[in-house]
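Chain lettering (A, B, C and D) follows the sequence in which the chains are written, and residue indices restart at 1 in each chain.
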């Protein structure tokens, strides 16, 4: 037993040596990506990045050089995510950082990112805490995902537009159910602030939201999964619009528990980052409204979206499950377009090129850079309002990408 | 003598490592030292016979004490690391009077429950702590300079190793071994069992607090989810057990081996490396039940007197 | 002044009375035997006096001081020491280190002094394998370690709980000689024993316990003739 | 069974508290009973393994996860209703449990608690990651027409399916106790739990009893998994939090006290539900669970200490 153990150790060492020697290549442009590969979001985002890189290389690369994507797993652990940045910067000597998912991991990466100040195009992490940590000076930092407060505001804009089109819809009373972690409580803070503004006739929700209330719940993803006490409070409040900010695992049980206690708001909205597999197949899903960046239905109205979908399915033999797939694709394509435009890898040039780059993305909107509350280079600022109809996600707002009209009111 | 020379060489190597390697390797070792210190501190408590599941909890409150002192009071980050340790020590001292009455699984589950209580309190006191989204700091300690950060954690780790050795070389060793073996005999030999339990509980909690504070300053943020993560409980335990408990060398070896393996596996097998990690842990328990350190020691010892091997019972 | 005096000591476990109204005393330089059938409460008495169990009521006076509410380790530091029936030495310490424990904590000594004290004691009890590991020792040697640990805290009052159990005649007499030597040092010693030969050889006086009560007192020769004592021992066989 | 005066007072107080809650927060009472029963149902097999084998199984929740996924797989592949899948799930999961026991846990029974802890930690890592590789981290659900059925009293509606947890918890509890008292194997199990060495001496095949108990515990988790499936989203880490909760309940009830687990489970369930029902206080619900746990354990230590 002892001998075989030594053998195992030795073979590990040998493998380590071989592995470290194999890292030689010519001179590609190196993009370093950090994603949680054990999670579907990170895995598919990585897949989509690989697709984008493959397309770029097929078309002759960038500035005449091939592009190499080097991916390191963050494991959803802050210290691992930070170490990944260090590895990409010092061992692989990448030219650019891309990646996403989890504000907790991203916060731990920010000190390292600030140290290297390489051009960074980050897809995920929506917490305004990350924006605070990055700070106003970081001109090399580009952030694609709308910040938490931007998401909230964009729904206000959306509902205003929808109510204008459909006067029978009323969203005077809003109830927000939020998971008690960072994602949920940040959403709550953002809503509470917007409700405050709306009561003074200001902000995105002015004119539509008159009253607001919230209650927290423990997400099934964190070991909870019993929403009834929260739903009971919602039912007593009797809102026109009920919205929950939680995770995909909460979607169906919460719907079912709402039905069994007889809670039937006119608008039942969910704002998780992703939805469970086959949610649409569940009869409870009909007329559920969702907030998001993307839906497969965009294939009907956007050529880029259609192209992305088909190419992804062809390359990876699976369907993109969440918006992190098209977002990962966008992440690479946008960066590549900026580099192309700059015509060089020189940092200042790439930064100013990216600032003025416009990219028609598979997410159904054009990506362009503008300042947000703190940082200079924010990408998307708006989310979309979608609705499950006949088991499919449809875009109902913004109207230019709408695949159908809203069905109202929600009923069991 | 030979052993001493090896130790000096290893120490010197650890100190000069930053001159020969880059930020990535340093960041791996920084993280290994963090877990190594936690692992040793957990083992020190275990030497009294008390299985603590509170490692993550004291790590977390140390981290929060330090981060909040820097963010709200403008305390110097280095001082705040000491403060983190002090704060954890004070909480441990206060709780110790009640918690240290408990034994075995009751002590274990209570310390684990305390971890959750800490994190719920911190999550709900959002005015002070930033709530679920946490608190960020303007800057990482030493401006994020990996060399300085490395030397800082190395210094802390040496201190923790020193404390662990102190536990091995002084009276304390006799007290805690005695308590672990049989409390009644310990008491009847004049050992103030509670006093020693409290001493060890406070010291190990202080270490955990210091490490938590360091971690918070290294990454310049705290939030309940990351800071009270059960990783800070389970990984140190796994490291100590894989390396070998009741020793100083065991947790060190365990932390180095598991820390390096986990990082290496991740690069080798991007998808599903945790399965292999789990398999390694299971294999170690099955085939090296006393941990790597003691097993290797035995392997060398058995060369001297072959045949005196005691057959393991099947 | 007697070394130890107990006054009306009562111990109840729930509704069960383990010892009832115990009053006795031991003088310095005296060896008292505590005998009685199984379950009579002999070990309970040691636990009560050494402080590992709290009394329900009554008083324990040691060297003129009321120690009833003292913790076990404090009583040890004051000078009450005991051996245990089942010897449980620390197997990660060497023989002499096991003995040192008593000096380290009972006398609050430093490591060096404690080692010296332990060596002295080893001489006294006739133990030479200082640095052997525990699992290499004979039964007699283990008993000596146990006795040595108890002695290392420099007690004025020493309880020996069935120290001779499991030893052969030769070994038993070796330990009896050791205990006699101790007596000369003016220690008060209480011997709990099943082996009547030992009691007869060693003690000047015995108390006989049955169901937690003292049923007889006096020199062993006298007491062993008393009817109630014989009945108590006979009752054990029923 | 005769009760002491103290116990009567305790029971009376308990009844009073429940009555007050029923009047003040009727839904909290119902949800508390339902959820608390589920906690207890999952904690019972953990306590069984802890009590008889002395193993604290950190992979406990993962066996539940495997049970949920097995039931899900049968639903997806063969369109088998989760409640009908109980039998195949229990059988398959028992085999998996027995296999894992024979391969791993059996070999560390003599190694002390800590190695068992580490081993089951490794097993739980492996199980979670294998599930993640097969099914990804995406949550999955099944739809059944009955799982969200409800009852209304006036304006007050509540779900009825989860009462199944309550009845099952009682049934499992009774069956376990009948088994321990009335069957030969059960008596042997009880004897092993009391004193394994003694049991061996009187001729009980201890290693067989261990295998049986572990398999039985895993089988119960299969049963719970199949019954839970219609009401939960499943994902690789779905069962993990239950290991902790189960451990908490077992410790709160005290080792070997199975009735106590059900009482503790329901008590904590109601406590949680009441806190959650108070507007603005939902975030503190976990404090109830862990606070009461700590309080009970410490109070008991004082009682036993005196």
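By definition in this document, contacts are C-beta pairs under 8 Å (C-beta built on N, C-alpha and C of every residue); 3 or more make two chains touch, one makes a residue touch a chain.
Since this is a predicted model, take the numbers as computed values, not measurements.
K.L.:
Listed by label, which chains are in contact with subunit B and with subunit C?
P.N.:
none
K.L.:
Between subunit C and subunit D, which partner chains are common?
P.N.:
Touching subunit C and subunit D alike, sorted by label: B.
K.L.:
Report back the single chain whose CA centre is most distant from the CA centre of subunit D.
P.N.:
When every chain centre is compared against subunit D, the largest gap points to C.
K.L.:
Whose Cα centre is nearest the centre of all Cα atoms in view?
P.N.:
Looking at where each chain's C-alpha mean falls, the closest to the middle is B.
K.L.:
What whole-number Å value describes the gap between the mean CA coordinates of subunit A and subunit C?
P.N.:
Inter-chain centre distance comes to 74 Å.
K.L.:
Using the average of all C-alpha atoms in each chain as its centre, how far is it in Å between subunit A and subunit D?
P.N.:
36
K.L.:
Go ahead and note the Å separation of the Cα centroids belonging to subunit B and subunit D.
P.N.:
Using C-alpha averages as centres, the distance is 31 Å.
K.L.:
Enumerate the residues of subunit A that touch no fewer than two other chains.
P.N.:
Where subunit A meets two or more other chains at a single residue, that happens at 38, 43, 180.
K.L.:
When you check subunit B against every other chain, which residues touch at least two of them?
P.N.:
123, 271-272, 274
K.L.:
Could you list which residues of subunit C touch at least two other chains?
P.N.:
Residues of subunit C touching two or more partner chains: there are none.
K.L.:
Every pair of chains that touch: which are they?
P.N.:
A-B, A-D, B-C, B-D
K.L.:
For subunit C, which residues are in contact with subunit B within the complex?
P.N.:
50-52, 71-74, 76-77, 81-82, 84, 88, 90-93, 97, 100-102, 104-108, 110-111, 149-150, 153
K.L.:
What does subunit B use to touch subunit C in their complex?
P.N.:
Against subunit C, subunit B makes touches at 170-171, 174-175, 177-178, 181-182, 184-193, 246.
K.L.:
Give the list of subunit B residues in touch with subunit D in this complex.
P.N.:
46, 51, 98-99, 101-102, 105-106, 109-110, 112-114, 116-117, 120-121, 123-124, 234, 237-238, 241-242, 245, 271-272, 274-275, 277-282, 285-286, 289, 313
K.L.:
Per the contact definition, I'd like the list of subunit D residues that touch subunit B in the complex.
P.N.:
Listed in rising order, the residues are 50, 56, 104, 107-108, 110-111, 113-115, 117-119, 121-126, 128-130, 132-133, 244, 247-248, 251, 255, 283-284, 286-287, 289-291, 293-294, 297-298, 301-302, 305.
K.L.:
Subunit D touches which residues of subunit A in the complex?
P.N.:
38-41, 43, 180, 215-218, 220-223, 225-226, 228-230, 232-233, 247-253, 256-257, 259-262, 274, 276-279, 281-284, 321
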